[in-house]
């Protein structure tokens, strides 16, 4: 998973890219990078680093970037394994000038293309799939960059939200299915592209609209220009429903939907489908909060913060050598004994990946006095890996891929366990006909037909 | 404001002190320190630094501390101005052996004592009031440390929760009024003292009980021993009610009261006293959350997270030079437009200090589409400075000291503004007779009679 | 200017590369990098950074590199301007497997080749000339890597000492003229390639021999194999004489010559050619020390350390805002007043670039009491830029390009000034027939015939 | 061992103190500190840290110090063991105002005084002897600070060079024997005190004169005023001869003697007393360089740099796990094979402490081809610990305390070994009557009569 950001024509472009990436930090905490252009010396300058945005860039780094245009990238982890180097945004020189590129998504036919390119003498500096785009762009022959992007896009299959910057403009692209989000905004006469509206909100930019699936948006001194990727004129959009369930920020609107409100509705629907005889509803912070609120409202049970999230999480922490029970979870979540003691508790989370965290949470709730613990999940069981850019474990590690709901309940030691249904999820997402969203991670119904080529090995840490 | 922690007899004492201080981080983010004892070389070793606990201590620092006993301190800011050096815990050598001391609170007669000590040749290394205790302890003549603590305590007036460590034991003290909290716990046969129960919870220690106002608790190889400070046998306990309103962690229990539940009750009482004709109730995260929940429940209005708190706050941030409107607040809080648009909003916070943040929040809510904004505060107007350890601005800066409620409403540009009453606050805190808590910051009724000696100049940042 | 290092088959390969680069630190202090191979996971892993070797690599970085083979690079500054990114060693994936490459030298036809490659769709990540090799290697068709190296070398003109690492071996190459040095050593049955013998000495490796101009040395599990670059079978070797004058470490032997002894001889020859009527001979530390010693011996004058070099130089230093006269030089060199007072001083340095430092040194000597200052330079006037890898200023900035010796003397305010003659320099370097060494920086007699293509703009700092 | 620096009345006082400490870095590399005064807010501000001066202070730290007066301190290691905290300069508040103090030397009766002070209720924050002065000054009753300094000095025995700063002036003191150096300089109308003249030289200050043994120099707005410590009117000055042999910087003049010239004379005298039949004279850099030069001159043998000192030493270095023979010494010193091969070598060092480094150097010389190695030492055998501020090992570890010269020769595996005689050392130091210098470390003739009270345990690292 990744986040992308671009800004064209603003005297503080690099600084705003930095802030925009900060607002997209939840989409990738492993590495961050910015390429700046529009400098007096006409160079593209790049600064990359591992870690959080606030740690990767110093004031001096931002000043050294300079320029009036910039694109940025935050990375969750690289497709193809954790590398020791940062790679995005790419910044290269080609026969048609300098080019910078940031990619969110995952290509399912990257390996084939890469092999073919290498046979022609191309060299790759990174193990991931994104560099393929850079080569395809450098080899495309069309005079207009937009057409070169089209040429390159015609060769790839999978998920790609791209921002491409060149000397005289910036281009935003979403693949025909529109797996990953991209929004277009305006700030003081300049333009902004970002994965989510939260990045526009932070820098005070005004949302113009979403970039559509299969759309190429060009931004330059003449304004905004929109074209279609012709190679897939009638592809059925299939945006990633897991963005709404878990990935996107609750204060963003993506796919023309409020993430927060969608989650509240998932919780309401969940209460209807999977009621529980209990005293209070407790969210697993932070991702379970809106659904828990919806659950509480629909069920009439009081909503209580039985688990407090520490503000200081995210920093490196020194752990005790001797075992403090459930230490990692404790450092992140503090149970409120006065809220939980003697209560029958409904605890709401957005999903269960491996089940180990859920198991610790149930134990923590009981340890703080909860009499009964009823786990409710605001999405269906996660049974299949994602090939379109969400870093999920292999099937073998997905607890729902190998265990029944009852077996999962037993594993996490809850008194009861209930998941939201597929139809209930689509309903809450405003898609009652189940045609707008990709739900392959729940159903295995992959939409590109190429999903088995490159099984993913990278794992979501700690879930 | 500060937090104190002590642990006696545990093989990972320094590491647990580090974790305990982390759990008390909300009580002081300016500096942190640990003194370790029980080492093979019999030395007391100290490590201090400015900044957050996670930044002050490295793995190597904790290993270098070593030992089986440790006390720690987190500091909000020093009484007497921001110094460039850290000072607590103190660690000194005296004729009766090594001594380490951590202090939370504020003495109102520190200057007099200090002047007298200096005239006798004492040297002071720090500008604050806490060093006075160290000198009084070094000069006290009684053979037992407990009696020397009593001798020292008899000379000071004000708020003090102390942890004192010596070669053969650890002592916890609360002043006769019991302004600041202190709890006693047990872990694997060793003992723990901490400002709040959250520190016990994190390290897996079991709460034994609160240390009482005017009590001296001694902990050593023989177990726990309790005595009274004789110099104030019948002082009326007056614990700080602002700890319940704002300062303590919601997952702590202090003064034998659940902080979270007390805040929910304040919100419920506030809804009764100050109802609003509105569509939704929105908390100011994080401090306003429980009260907002209570307000929503008592008023029957839906509770919604209209303002999202960023997880990554707390890090140093590079700000844009050109003004992004309300940038500082935006970096911390993101409004959820989909929740707020077109709504009449009740926004609940725990207190208003200068009014500038409230004003920005009201503007942010309106900017995100709120039709009306009704501010509700879960405590009475903050009109008086605290002389007992809470860092408040001078009266001149407290907006409620110089403006009426209507004038404050006008300043923060809310459609309406309502505060909880004094009696309502005591009621919610479980003190209907208004006799257990100090409320001087709301009423000016100081309880030590010495409060005017040293007006405080240090300010709460940004509130 | 740069330094290169490679080690094949040693359990501590990355750590030894780190030490080897440390011994080559004088060849490049701007950036450093290592690529490791022979890891269990078969990946090539790279770590780069700006700054000194000791600062770029942590213990964790070296552990993360792992492996049993490694190549490394230290960079003075990039050809083509100071970039903000590090680039060497390169590490790429090609159709014929992974490849890592480190280059010392400068190509004079890089731009032409690069333009041609870009027209074929190649993308460049760095502005320098070294990346050209990587592309030529990836496009070469021969099955054996040695032949692909030959194919690539046939296309370039200029100076190149290369180390190339692939899955099953390591290759060292010197261009037909042999501008830059490269030595081959042995350590515990593994092999080492390094710019200078000092790197072998530090890690305890045994010198086997120098790699010859136009030689390709292959190292793998079967041992060492030597071949010739066929494209220039009878090129006349022209090693860089400035390596002996200034650049190489005095404790190295390169071009089969002891650097230290060569410098002593330059000083002896200088005393013969340019005697001075004086009391003492003082070196400019550290580069002028051996020549000053030779001068003192040949002239019979006492050798004295009139200028002391600070040990702590190399660290970032905070400078006073108000002018301390000659502060920068003072921080680096301290005059010994007791040595200089009242004396007629011969001060010996290896070369004069811009003249500003020499001027400060003369002033410093006089300020410390020297009665007369006679500057002697152990090489001829530096009049021409180098196109083969030494970072010299443009001709306009070289003081000897535009001023006569007498004008330079006047500029640096010395009482007399004398340079070593060209023939004297070759004599001291053991090349009386003046046929083994390139002396273009003194004479303008460039040996590749391509030297005017890409005038260099990068400057040697402070000389 | 330590270095002290003070500057009174200069707009860049803190920055100049920083530079002055840098010039005294050789006197203490463990920690550094500065206290600034003369600020607008009238506060004394202090900044301390472990490590080198260039690492302890950032530009921001120096700006935060501010002020127009400053004193500073560099520390070798604390008397009484290595502490984890920095302590000097001290900065305290007393009944007679703020006071800062920096001390170089060692008191032999510190423990007695400390015990007495503690019995009176004094608290000590540091384990060393210097804090005793601070307490004595705070308790002294005289109205003038100079008299209080006199009162304090009357109670202590041992070595002390002090700089004391108060609101209205700065005081420099040397103990009656004048063990440690102190010089007085002038800069733009302000005054400077420093351990050595090198600190004056760097900041461009003019040397006025040495502060005399038993002198108190007061500096304030009225100029310089000199008085005598009356308690020891006729003490015989006994400056530390080891400062000339090893400790002071060669470009300094202390005790009215050029350190460099004294060392050259020691080498000349050594050649007379301990000639060797050899081919070249090689110094152990850097401390043996001047003596080796003197030896070469007096013996007529050529002087050669057979061992090169690395410029980058001083940085933390990652060591190989597998043994590289003599790695630590190799990292610091590189042998020049071309110089040493087949030669009979005289190697000159200033002293031998434990013998282990000498042994490694002899092995390194032989490893690089030396046929014979004749070690010559420019001081007598070091047989006794110093109680006056030089950190020497205990007698048990001093090789010359337990072994004869022949046994030492055998241990270091040299072909011959010769030391300078006591009378030869005094002669070279310009003290033919052997009455000006303390030579207790060679002879055991301690001059205060109190030297056995507190045997020192701290060791010189690696010698």
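Each chain carries a letter (A, B, C and D) given by its place in the written order, and its residues are counted from 1.
Assume contacts are C-beta pairs under 8 Å (C-beta built on N, C-alpha and C of every residue); 3 or more make two chains touch, one makes a residue touch a chain.
Not measured: the values here are computed from a predicted model.
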Ordered by label, the neighbours common to chain A and chain C are none
Taking each chain's centre as the mean of its CA atoms, chain B sits from chain C at a distance in Å of 60
Rounded to the nearest Å, the gap between Cα centres of chain A and chain B is 37
Separation of the C-alpha centres, chain B versus chain D, in whole Å, is 48
Among line, ring, star, complete and other, the chain contact graph is ring
Pairwise touch list, complete, is A-B, A-C, B-D, C-D
The residues of chain D that touch chain B in their complex are 45-47, 64, 84-85, 91-95, 99, 115, 118-125, 127, 134-135, 138-139
Counting only contacts in the complex, chain C reaches chain D at residues 11-12, 15-16, 18-19, 22-23, 25-26, 52-55, 57-59, 62, 197-198, 201-204, 249-251, 253, 258, 260-261, 264, 286, 289-290, 293, 297, 302-305, 308, 311-318, 320-322, 324-325, 330-331, 334-339
